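A, B, C and D label the chains in the order they appear, each numbered from 1.
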């Protein structure tokens, strides 16, 4: 049996008895796919990404990510799996007391990359996202859109196998949005499996990518 | 001389010497107007709203809000001015350790409103925003869009004279976006001065409202 | 101030406590331990004072007899004295007992007593004035009456000694106050710091409250109430621990100085209430100081 | 462990300290005060031990002479004794001096000395054995030699007294260890709580680090280093304050017990280093305990 990059079998996630966020969800995403996840507010998009990222455990059902059963993952394994997954959180989750540079370099430092290489890579990524001038700023000193781009930079810095982007352009203007989508496409071309959760009809309008639509925790399309 | 609701005279705001956020901005918004503020990421939209809201002081220039010169405002006056201004912050700024109900009721409690009235008003507002079921949740338990709606509920609960909404639909799906915009229109009809900062071309497409476009801290249109 | 505000303040303070339960408990624990150190000191101080007082208040008078007094004479005198309010008989010492105890006192110099051809020590009767002080005229009156008696040679009243005890007590009080003051400052510092740390952790909350137009009083009040509660709980816990320690020690041990067994007293209810009030005020002060930096112009 | 990690850990610890400067300083202050209380106790303990040692080690021997000894005989004996290693002459007491000091000792019983027809007290010479202990044979040898001399009547060696001092010292050590142990626990509690409060304030930071795939070691190490530094700085500050207090007291005061003036010693460098190490370890333990709850299975 050949597993995909991300494979969910009848996954349920309940926050409390009357509060199902994910209901009987099965999904198979192959290595190198680019998938949009959409659906109304509260549909369960973020929860789905959290399950893949192992920051929430499914109430029942199984999930395989990169060949690992996330129900049985161990502490140390989890850290290593997470290094292979880049995530743009909907609320960014930047460290407010570290500079933009340090927020981004963090993901390389935890893997023990040497400082000269870190410097080079961080500079390059920040330049790609138009943040070169903001390198020494702290997140609270940035505009919403700038923070979002720092979150994107952090997610892509170490060439993850999987990229999870939760509403990555919610705070960005149309021009930058186009640039970001091009960047995600480029990363996808290099072989990364990409999942983008979004409301934006703009993004979905002319795409040929696979679209998963959620509603009340179920896949409706 | 008759003042508008919000009047800015040659306002500058610099964060550090080489970091101007607002440059020589003059603006006059009459009582009861509905104005969109748009512009690319980092243009200064949030900073402009912050100046009006007195959470940043202009580096130079004067600003009158509701007839009060915000350069000379006193501690106590400031609190009372803020109660007349409802704000939807771009990053929501909800209190994570208070329930949705308490986050929203807060704005009435600080004015000494009696509890039965608070209850009624909060329930009504949460219903309008489709959050009735989430009353007892804490913000970290909500989806991005739900949090954004709580922020909106808090901003409109005590019928402010001025409503400042910073990217209020960034995390909302198209349907809810339409509902929210209808709600803002309704509040505007009741006489509130409304300022909405947004990137969304959807919102701006067919509107007849006044649009202020910023770029690098200047009004360009 | 509307009553709805006051209700809100208390409700909010209690909510904060239960929301930040762990931090709150850590704070209360730290405060309790700091107070325990301080209170133990107060307890020790109270007891030393108590002992000194006891000793100071039991003034003694020694009546030396001429020659070898008749037993019946002594008994008569005893029964006469015992009827006087505030006087107790301590002991009668015969000439033989006197020389024996002198020999004991002299220790290795005892040998010299062999050189004596007769016992030069007088018989004596020691009486104690309970609760007397140096101004009390009673001992002086009794002394005069006794000195007129035939069988009595001399009367020594321990007035001087009482003066010494008072001086020692004064010194203990001074040293105790200085040490206690320093320890109090240390306690105050630890407690305000602890409360500061819990307040700092909620900087964000304070900021948001200001943004929605809450006045300073509105923001501060729940914190101040919370701090007071924290201080009070810490103080209470410290008192309970102290009492538990006191009881444990009292059960196990029997304290003696020389032959007099000492009773260890617990701090009086007045002092206990005072300490509790003080801990509450320190909690209030601590949070007030901690909030200070968020409310600068 | 790669060296780049170790560099990162230290860099991050220092960055954290400077980022959370206020909280860090509050923590260091609290730790310092807690240690100051503990260290003051250690200092008191060291000194009491020191005095007891001094007293215990200076064993005295009293030589009683027959009749009234010639001055030249006494001087001869003195110069002979003074040549013996470890022996010092304390004082010579003539018969007259002896009776005068007895009168003083007797206080209000002095009257009985009038009944004596001759001075029964012997002249004596007191010598001190420095650093002797009860097993040292030297005093016994000297005693034997002296007792054979014509002018000497008796020789008393304060062996028994030395036993008593040792018993008292033992008691002080026991009580001191118990009290010190309790105070140590209190200090430990205050310090770990303080560090816990500073760590809790950064719960969010720890959560984000885990989300980006940092291992436990990677997250913990900077906190542990930070805690150690905090403990060390607190301990250092406490020592400095203690030294400052010690110097102030030494300049102002002159301590006496009876007539012997007491020298107050500071804690030895060994103990100081030990206390510093201990404060560092407590800081480390404190942060380790504080982190514990974030790393449960």
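Keep in mind that, in the parts below, a residue touches a chain if its C-beta (ideal position, glycine included) is under 8 Å from a C-beta of that chain, and two chains touch if they have at least 3 such contacts.
No experiment lies behind these values; they were computed from the predicted model shown.
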What chains touch subunit A and also subunit C?
B, D
Farthest from subunit C in C-alpha centre terms, which chain would that be?
A
Rounded to the nearest Å, the gap between Cα centres of subunit A and subunit B is 29
So what's the Cα centroid distance for subunit A and subunit D, whole Å?
62
Two or more other chains in contact with one residue: find those residues in subunit D.
none
In subunit B, which residues are in touch with two or more of the other chains?
none
Mapping chain-to-chain touches, which pattern fits: line, ring, star, complete or other?
ring
Set of all touching chain pairs, with the criterion as stated earlier:
A-B, A-D, B-C, C-D
Taking the touch rule as given, give the residues of subunit C at its contact with subunit D in the complex, in rising order.
22-23, 26-27, 29-30, 33-34, 36-37, 62, 102, 108-109, 111-118, 120-122, 154, 156, 183, 186, 189-190, 193-194, 196-198, 200-201
Complex interface listing, subunit A residues touching subunit B
15, 38-42, 45-46, 90-91, 141, 143-146, 149, 166-167, 170-176, 199, 201-202
Which bits of subunit D are touching subunit A when the two form their complex?
2, 4-5, 8, 15, 19-20, 205, 208-216, 218, 297
Interface residues, subunit A side, partner subunit D - complex:
53, 55, 75-76, 79-83, 85, 87, 89, 93-95, 97-98, 106-107, 109-110, 112-115, 154
